[in-house]
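Order as written gives the chain letters A, B, C and D; numbering starts at 1 within each chain.
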Amino acid sequence: MRVLVCTCKGKIQLPKKDLGPNVILEQHDDLCKKKFQIKPDEKVVIAGCSPTVMEGLFPHATAEYVNLHEHVVLPGHGIEKAWDLITAAVAKLEHVTPVTTRVFPIKHKEVIVIGGGIAGIEVTSQLARNGITVTMIEQKPFLGGTVAQLDRLYPEGTPYGHTLMPQIGNMLQNDTSRIYTNAEVTGVTGTVGNYTVSLHTHPRGVIECTNCGKCADVCPVEVDDAGKMRKAIYYEPTYPDIYAIDFDTCTRCGECVKVCEGKISLDEKGIDKEIQAGAIVVATGLAWYDVARVEEYGYKRLDGVMTTLEFERAVTSGRLNPKKIVFIYCAGSRDSKHLLYCSKICCFLGLKEAKLVVDRFPDVQVYIAAMDMRSSGTFEYLYNTLRERGVSFIKGKPSEVFQRNGNLVVRTEDLYTNELLEIEADTVVLSSGFTPDTQTFNKLGVRLEHDFPILFENASLGNMELPRGIFTAGAATFPAGVRDALIDARKAAFSVVNLFHQDKIEMQQPNAVVNEDLCSVCRMCIGTCPYGAISIVEDKIHVDETLCMGCGICAITCPSYASQLEGFNPAALSSHIRALVRQGDILALLCKWSAYNATDRAAYDRVAYPQNVRIIRVPCSGAVDISHVMDALQNGAKGVLIGGCYPNACHYARGNFRAKAREQILRINLDLLGFNKNSVRLEWIGKDEARKFASIVKEMNK
Amino acid sequence: MAKPLVAFYWCASCGGCEEAVVDLAEDILKVVDAVDIRLWPVAMDFKRADVEAMEDKSIAVSFINGAVRTEEQEEMVKLLRKKSQLVIPFGACAHLGGIPGLANIANKKEIFETAYKLTRSTQNPKGIYPQTTTDTPYGKLTLPEFFDTVKTLDQTIEVDYYLPGCAPPPELIMQAVTAILEGKLPPKGSVLTVDKALCETCERNKSKPDTLAIKDIKRISHVIADPEKCFLAEGIICLGPATRGGCGERCINANMPCRGCFGPTKEVKDMGAKFLSSLASIIDVDDEKEIEKIAESVIDPIGLFYMYSLPSSILKRKQGV
Amino acid sequence: MKYALFLGCTVPVRAQHYELSARNTAHALGIEFEEMSGASCCGFPMKAVDAETSLLIAARNISIASALNLNIITLCNSCTAMLSDAQLELQNNSFYRKCKELGFAFPHDVTVKHYVRMLYEDIGIAKIKAAVKKPLSALNVIAHYGCHYMRPSYLYGFDDPEVPHTFDELVTATGATSVKYPDKKMCCGGSVLGVDEALAVTMANHKLQIAKTEAADALISICPFCTVMYEDNQRKAEEKFETQYNLPVLYYPQLLGLSFGLDKNAVGFRFNRVRPTALLAKVGGES
Amino acid sequence: MIDLKNADVNFKWEIIKHEGGEQLLKCFGCSDCAASCPVRYFDERYNPRKIIRLTLLGLKEQVLSSPFLWFCAHCHACTERCPQGIPVAELINAIKNYAVENGFCPEGYKVQFDLLKKLGRLYEVEDFDLKKRQKLGLPPIDKTIPEVVKILEYTGIEKVVKR
């Protein structure tokens, strides 16, 4: 073991004392500016500046960091503290399990794109342009997704084809893409660089086609396709250039077969296939919330109540000529009984439909009832335009829609005027929200939380490329407009190109590892992982190495310590605490994302705190085991402070709540065991709250 | 070849471990065939002097049950250590401190007061307590010192292996005896059962959901537990995940949750602390006040989480008394 | 410097001390006023009835100054707003045509300014300070801007409509302290006097109460309507809210004249309903 | 309960035609006007936001007959703050003008109209006043300005006021 100590510009001069056998002490000026050769299995103590700075400089080391600069030099604590910290670090490191480097070869530099909407098409053409072979899997018989169902794209009012068709053209120009329509993913195995995706292609019915259209002419089945009428055999002008039979509605009367110039088969079978790929892009797009579940609005129950999509398709195909329309916003959104969240784009959609209809029918009366109008960016201009065109906006969520004298009536209170209103209308349009396509994520083994795939929809992290071979594009994870979908698609393509630029990816961050000799598969850990990285594979607990973020919560949860976080195993921490804490000391176990930084801040701001405060950096307040608190108390500690992020601000989602529960239970037990229960405190300390930290430890020191 | 000599001894315990030996039923004959029992106070009339007279290390193995709570017990186990090649704490009390170890939340004075004065069935208005020496017309009588703190066997003498359980199941005893006779012993310090927790073999583990989420803690005496379901999934505290297996799940099969008599698994020092850390992870409440409520809803947490292991825990006993 | 002085309805009849002090302090600063013969009401009273009528009345007044080729100085905030509004409206062709039809001529472009704005912009703080002979450093006064002094800003483009400061600077120039106080832009309530007197008095009381809290020696007004609210209706506020204010309300030119050392008759203190006796004693003037 | 069947959809378009009412439709109901309003501060019965919103909904009768419409002090505090740039005080004034047209002229304005018609100013200038002015050294002023009548006749406002 090597101990690398920075002299901190001459301020640190360690005594010439022995640190034990096989421990070599080196003192360096400007440690951070030097390059060290560190062997992969070597353990090093790095004593210098704060680990927040130093850990980036020693990425491959199994290292224990001693914060000499911020914890000794700047607060003006004595050199003996430096020595104590170093000896304790050595004691810890002796028992530390090293951090392993994990290597994932990128075996297949091919990509599977699930979803053939605007995002999937854009990803595919961007990847194909980079020479990467792409297999696109689209569920419907034709590409285009939601965009192909629309008439126009607002705020500008561009016809949908102006955006979609060139995209399809771009994609088809490259011969590196294979497209499966009418196909669905049935299973996924493997990990980054090496996935196997099985898919099933449903029969299309039309095998050869001249696009004569006679089949549709003779087809007796009229289908209402989201507001627009078509036949059971039909064609969409996107891709492929072949008619398709909608077998859900087809009566198999055989009329089309008789007139077909090409070849139609009503008995075609589906095909199963397996495809290998190094990365998967999920571009499954929007899933509309089933607004019939908002029963008070009468969708499917009352004539004239329709969704925005149906309204747009019915108006633009000439089926509907409304005189008086009420749009109901947030139909089933931000609602504890339905979708808890705002779907972001439904306000835009509603505005668009209103514009579409006032453009067409100047005398139409339009009411929009909304709790809030969320018209961000350029949509504000559309909102302004519509007000000036005389559309009446009502603030408030209508209570119900009912029928009176053959008309629809919407009852609502208008918050602008505090008046209860009844609006009679011939058409009521429900602007509903969207959910992610959970089916695909389930097949990919991506865990969902609050309906959303965790990590992907972590607003502050953005698209985190996790699990590292699975990417998302467009509205698959959260509703996005066309522009956002395209940007997101390019970002996904860029991420894939970046990934494929390497032959393997290496990951050095500490992972949770499971000792199978100790693991009883008691499942306690599974649900505690904030990333869904833990699952049962072949009757054993399996930690997905690409998903683990090293918080250590599972390790502390494991009742057998079968799961341990590399570099943070309990035996090592226990010896660290026993070497560090003496009679009358205060042990501070501080989360590296918040409270620990407050101690650095204390150093910069010269906020004084007592020298007997012994600080240990932990990955999360939720990764503090009660045993370790007991260790400190047994050693004579006057108090133990656990410092974590504020509630709901935990870097690992709910780690600090776990810490809270531990603290509560622990305090009760300590009380019964004759300890002052206030000797253990869990405090929320923000990263800059140096003064809060100092005042807490001073109080505990009394 | 002479049969190996074996000793059984009984310290602070309920006597259940002695019963466990008897529970070997006809198997006990095999044992008696194979060994020569030289000390078994509960069943045979050997005296301390007989042991003292023996040569050091002449006993092949001493099985000692019960925790160490009196001066006499301390003397006897030290004596047996001297005379034995192997010493095996037999049962939870010797292994972890056991139920007598819960006395560590009090001291001698409090215990005497309760036992000799405060209990309803006691009449002791003068407050007379047992003394180590008493002068009588017939001479001085002595009693061994009653310690403040109950200790595990390994806190008193060095031990070689542990036979866990309250009481150790017969199968495990037979396995251990066989292993000793055949000389097929694991590394010193091992617990003579499996290394994995009870859940490994528990039938109910399959019913445990991936995400355990406890919103309130139920007492087994207040609910009728579903005999098919994992206790924890129902909000009933079961120490199974934190307890070594090999016991044959006798409690679980009787629809009672595990209370941890087999002690913690290999890497864990403090069973109660470890289980509390685990339990806190599955409490599915975010509100601080609610968390407090749940924590406080556990009646007698020391008796629940440290039922068998208080003397072997990190803190060992209540402080300041 | 020569201007056309627009008096409006109230000032020449009900607030002669305002007119008197305004003329005399202006004279002391070398400003000359030409009378606007034939000038009528500014038009503001008809605005709520018919905006066009009020604008036409205002435009007619502007045409009088235009014939004189002099910029207009007003003493009343509402007159300033009304005339400025008409001035802006004259850019509108159809309105201009209507004025022509009525025979109004606008041979010269004229601007409309409040008397106080004129002092600030055309004379300047430095020149005013130089003219101060008796600095009123003993006084703490509340400067009341009134609504139409700087609002609506699209008409004036003068001062800051949210954080006005020009009038405070002018008050400070006299040596007096312009007290910093909350709700500086609060309306006097004058406009609702005709609709709901109790409400109007409540509104006026708000600032009177502030003046009392701040222990101000006087409230300085620049609008006859505001003075009606704070001075003439002070007794009503005192009755309604069972308190005593006895707060002198001075027109700014009175304060300025005092600092110039003008004769007390030249600034008309005897017309002030709430006698500024204590105030004058404080600055060493006679009462 | 208001049934919007009875609302006048043309009301808002009428207001837009009036001087100062042009920007009515820009209102998105933020209520900054009401929060800025000194009258609203002292008397909650007056609320400019509510008047504007009722106008947008076409509730003509309710708006025009309300005595509180006339509470606007025309102080323009709202105008300065409207995020949509609506001169709110002018807009309220336009609604007042429309109310007068529809026979809702408050008595006070009728009195003022009569004075203007008679004198061309709001206060009668008596000889006493002229003498007082003279004593103070103030120039004489016109007792009446008959030209104002021409304007009143031109706009035909008398007919409207006296309706």
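We adopt the following convention: a residue touches a chain if its C-beta (ideal position, glycine included) is under 8 Å from a C-beta of that chain, and two chains touch if they have at least 3 such contacts.
In this text the structure is predicted, and so the values were computed from the model without any measurement.
Chemist: Starting from the mean Cα coordinates of subunit C and subunit D, work out the distance between those two points in Å.
Modeler: 22
Chemist: Averaging over Cα atoms per chain, report the distance between subunit A and subunit B in Å.
Modeler: 48
Chemist: Taking each chain's centre as the mean of its CA atoms, how far is subunit B from subunit C in angstrom?
Modeler: Result: the chain centres lie 96 Å from each other.
Chemist: Where the CA atoms of subunit B average out and where those of subunit D average out, how many Å apart are those spots?
Modeler: That pair's centroid distance is 93 Å.
Chemist: Mapping chain-to-chain touches, which pattern fits: line, ring, star, complete or other?
Modeler: Topology of the interface graph: linear, an open chain of contacts.
Chemist: Can you give me every chain pair that touches, using the contact definition above?
Modeler: A-B, A-D, C-D
Chemist: In the complex, go through subunit A and note every residue touching subunit B.
Modeler: It is residues 517-528, 535-536, 553, 556-562, 570-571, 574, 622, 625-627, 629-631, 633-634, 647-648, 654, 657-662, 664-669, 672-675 of subunit A that touch subunit B.
Chemist: If you look only at subunit B, which of its residues touch subunit A in the complex?
Modeler: Residues 105, 195-200, 205, 208-213, 232, 240-242, 245, 264-270, 272-283, 285-286, 288, 291-292, 294-296, 298, 301-302, 305, 313-315, 317-321 of subunit B touch subunit A in their complex.
Chemist: Which bits of subunit D are touching subunit A when the two form their complex?
Modeler: Going through subunit D, the ones touching subunit A are 1-5, 9, 12-13, 25-29, 31, 49-50, 53-54, 56-57, 59, 84.
Chemist: Please name which positions on subunit D make contact with subunit C in the complex.
Modeler: These residues of subunit D touch subunit C: 18-20, 38-39, 42-43, 67, 70-77, 79-80, 87, 89-90, 93-94, 96-97, 100, 105-106, 108-109, 112-113, 116, 120-123, 125, 129, 132-133, 136-139, 141-142, 145, 147-148, 150-152, 154-155, 157, 160-161.
Chemist: Per the contact definition, I'd like the list of subunit A residues that touch subunit D in the complex.
Modeler: 365, 367, 373, 383-384, 387-390, 392-395, 414, 416-424
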